[in-house]
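What follows is a structure written as structure tokens; I'll ask about it next.
Chain naming follows the written order as A, B, C and D, and within any one chain the residues start at number 1.
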């Protein structure tokens, strides 16, 4: 949080069928619907999140990610980061407060990788779902499905990883937790973090810009990953791969698809990081083990990404 | 245990390279070498087993299973079961005490499925490995690798499943825990048990006789399955599939291969059974989910079996 | 199951306030109410049990156990066991079919320890709760609270343990899994089992007859024990002790009280047994560790039992 | 990390018998001895820590904590924080580089609570124990005992909590994660964090200054807490309380004592925090549940602290 960027704050996903998507994210992942807006967008959050929403669903003809947002500590940080982004050479677009319901003004920009990101400082503080701030119980009894704890990170595919790295590290204050290097020493994947997490955002080199791989939600334990896998099967949800462990981050994971084809991950555990840690390096020739630690090969489906 | 057959007692596997195999079963699975014999065979056991061995490795030119044995309660039961097997129409071969070191006399027969089985009543009682019979600690501190708890069951492929069922149920006192039925109502897989386990032996219909699919060892928890998966990767062991859950038995599982190509399973949990329970039925058209509950498809490798 | 006794089939408990008790067993333990009868008794079962009920609650002025029942394989076994019990010197009382709703005739007797037991061969077969017999899912999604898997065993306090041992072992076909011996070699606790479980019934020596310590329900994992502990706290339920592990059986456990003061246990794991295993012995001077493996002392509350 | 303080870096504990203590921390907790110095002090670290040591043992006549250290991001931060601490009104003592082997210069000060703390910017970077920086395996196979992951935090007892709060929050950049308030609104316990952890340091109000409650080490899972509990019993180590869960932080925990009487904790999980989260408040009248979520009472032993 060197530059005042706190954490991933929300993601807006395009879905083909709003009601089917809500059912997926509420009944299967266990998110909570917190609001809808005049455009018909639906706002959801995971139970441990203190702000009003972390996932926005927008009905559209094609699935994929509209944008991903990071929360910054305050308005003055937002202002200075805006200047820094512009100084970096990117155009910014200003979204006024209320454009996303109960969210303050947002500053949008397109990273060199082609993805749209945004920063904001304010969002309605609703507290955790189902537990009090005084004498809080360990968890809410009324959780459903996978009981997702929080929206955690995204994995995105695109080009210009080096410039994107500069943007995230030099301007926004992320640091490099893990990387994949090809035999020539080129970084073909970069896992960037703001704090102690193994990643808050990750990029993999791709010939096309602006591809979406997955949005990831945190669970507590490996046993929760099993329950998630069971629920995927019980609900006849499309499984990508898992349960398994990643090499990169060492998180325990399962990938699956929402009804529109957006890939979701739920994961648990994984390494912790500090800014003074050397980054972890994986060799591109061992990418299979880096991504899927047990199988040690990439399944073809893993390589599919959305526009 | 209706007829006095207690449990799977041992399995003899053929391996190509004895030392590589010992390393696999001792350092990776965590079995304990308990003896060797004049033929060069190596005897191993899992820590919770009270008898001297449950796995015998024999060096040979081809991998596969020589035979699987069941322990019966006493010598008179062994005698009467021998008569019953002969009355069923099978020839029996008598192996004298000591043919397997510290094991009493064994009665061998070939099931209609083509597999060689044997019964015995006596084996040297060594007690559990690493814990005492008085004030026993919860587990031995010196366990290695996957810390396999016990040899549990085998899955075998062969034909004449109906006759094999009659042998195991009517003569040996097993009962049917789970089955797979094709649309015509033919049983194409049968999971048979002696007591509360989801299976002590399982058969899947195959055009050829006497095929070996896997030998399975019990672990305690889903977290142990993860550790097993991690160890498989760390030791560059050939993975078949997992970690995942079976539909049949609902056990949590991972499949992998020993250095000779014999498939091993380690699994945890799974349903318990009683003789008055109705058998569970899986439809052949849902075999993918029956075998691999999460993927819901059979991987090709699963179908490979050894002669 | 040497003599045809299958398993603990049900227990009838006295409770002070029926509705509070139902709330406890249904919402907290996760049992399912399956019926009520004209006497006002309430019938419950755990989800994995195939028969109609395993717990009967009877409103009364004092808490405690009315009787515990074992299911036997068939009517002829029930008849022969009845004769054997009478030959052992006990009087039997015949309860006709329907006295407990949808349960066949029961044969009651008072063990030398002072406790009332009963045998029965028939009970309405309802199948598992929430899962099908064909292509069954791994678990029912609608489970509540602790998600108890099955009624598992009782621990009872009384005198005449030796005679009670003879009844259970010689007449009913149980075998000794674990015992506590005092320095003079007297057995002051006996854990008896019918099959592979670490215990189906357990007795601890007490100067008075017919004392009830606890009724135990099975959970799947140590993580379930944590969730149970959390729920005990969230519901302000009276905790006895745990989460912890027993030395005897090595099961992972937590003890707590229903609203009437009947002690419940939920536990997971623990050792498996076979009839040819030597019994495990604990020294009376190490009883603390035998009962509570981590604390290694008995808390005073553990010693309280109901009349 | 608002002011450049990264994390707890090390703690120096006094022990009565050095060899018994090393055995405790190495064989039971699973730390690794990394060096000894001319004064006879022993340096240890947990496997996931990248710096050379996190625990220093010094033989002395009385147990307890000499000091606890925090690592800061760089030398200039160390210089400016030193000035800030002096400006806050505390005297600082300068320990030159090498006073602790392979550690840079340290700045010591006594907090209003009476405890000695120190800051440093440099320590020999040894990388994680047993895993590589390139293609790292999920965990080192050679870990022992409890397999402690990292030194995590301390709980200290002392007076002047408000002034201590000002020091840690205003000067050092910690923020308040959780607190216990008495009915008059006085803060009698404060759990302070630098980043996403539920606490990096915690203080409880006590009439005397400079009391040491415990040093805590992180484990990965609730199952690891069970294994820790088992090992405590197997090694006849003095148990304080657990396995259980805290209300404050919701971490899963067990407390025990080293051979000198220093209290250790190993814990897993627990809530994550961000600087924009409201602090969690526990009522002093519910302190039992706040500390031990399941028992809901404080055991007497918990209240004992070392000078």
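Structural remarks
Keep in mind that, in the parts below, contacts are C-beta pairs under 8 Å (C-beta built on N, C-alpha and C of every residue); 3 or more make two chains touch, one makes a residue touch a chain.
Quick caveat: nothing in here was measured; it's all calculated off a predicted structure.
By the document's definition of touch, common neighbours of chain A and chain D comprise B, C. The geometric centre of chain C is 44 Å away from that of chain D, both derived from CA atoms.
Chain geometry summary: the mean Cα position of chain A and that of chain C are 48 Å apart. Touching two or more other chains at once are residues 138-139, 221-223, 230, 233, 245, 289, 293 of chain B. If you sketch which chains touch which, every chain touches every other chain without exception.
Here chain D touches chain B in the complex through residues 137-139, 141, 221, 223, 230-231, 233-234, going by the rule given at the top.
Listed in rising order, the residues of chain A touching chain D in the complex are 1-2, 6-7, 48, 50, 71, 73, 125, 127, 133-136, 138-139, 150, 195-197, 220-222, 245, 247, 250, 269, 271-272, 274-278, 280-283, 286, 289-290, 293. Interface residues of chain D facing chain C in the complex, by the touch rule stated above, are 222-223, 226, 229-230, 232-233, 239, 242-245, 252, 289, 293-296.
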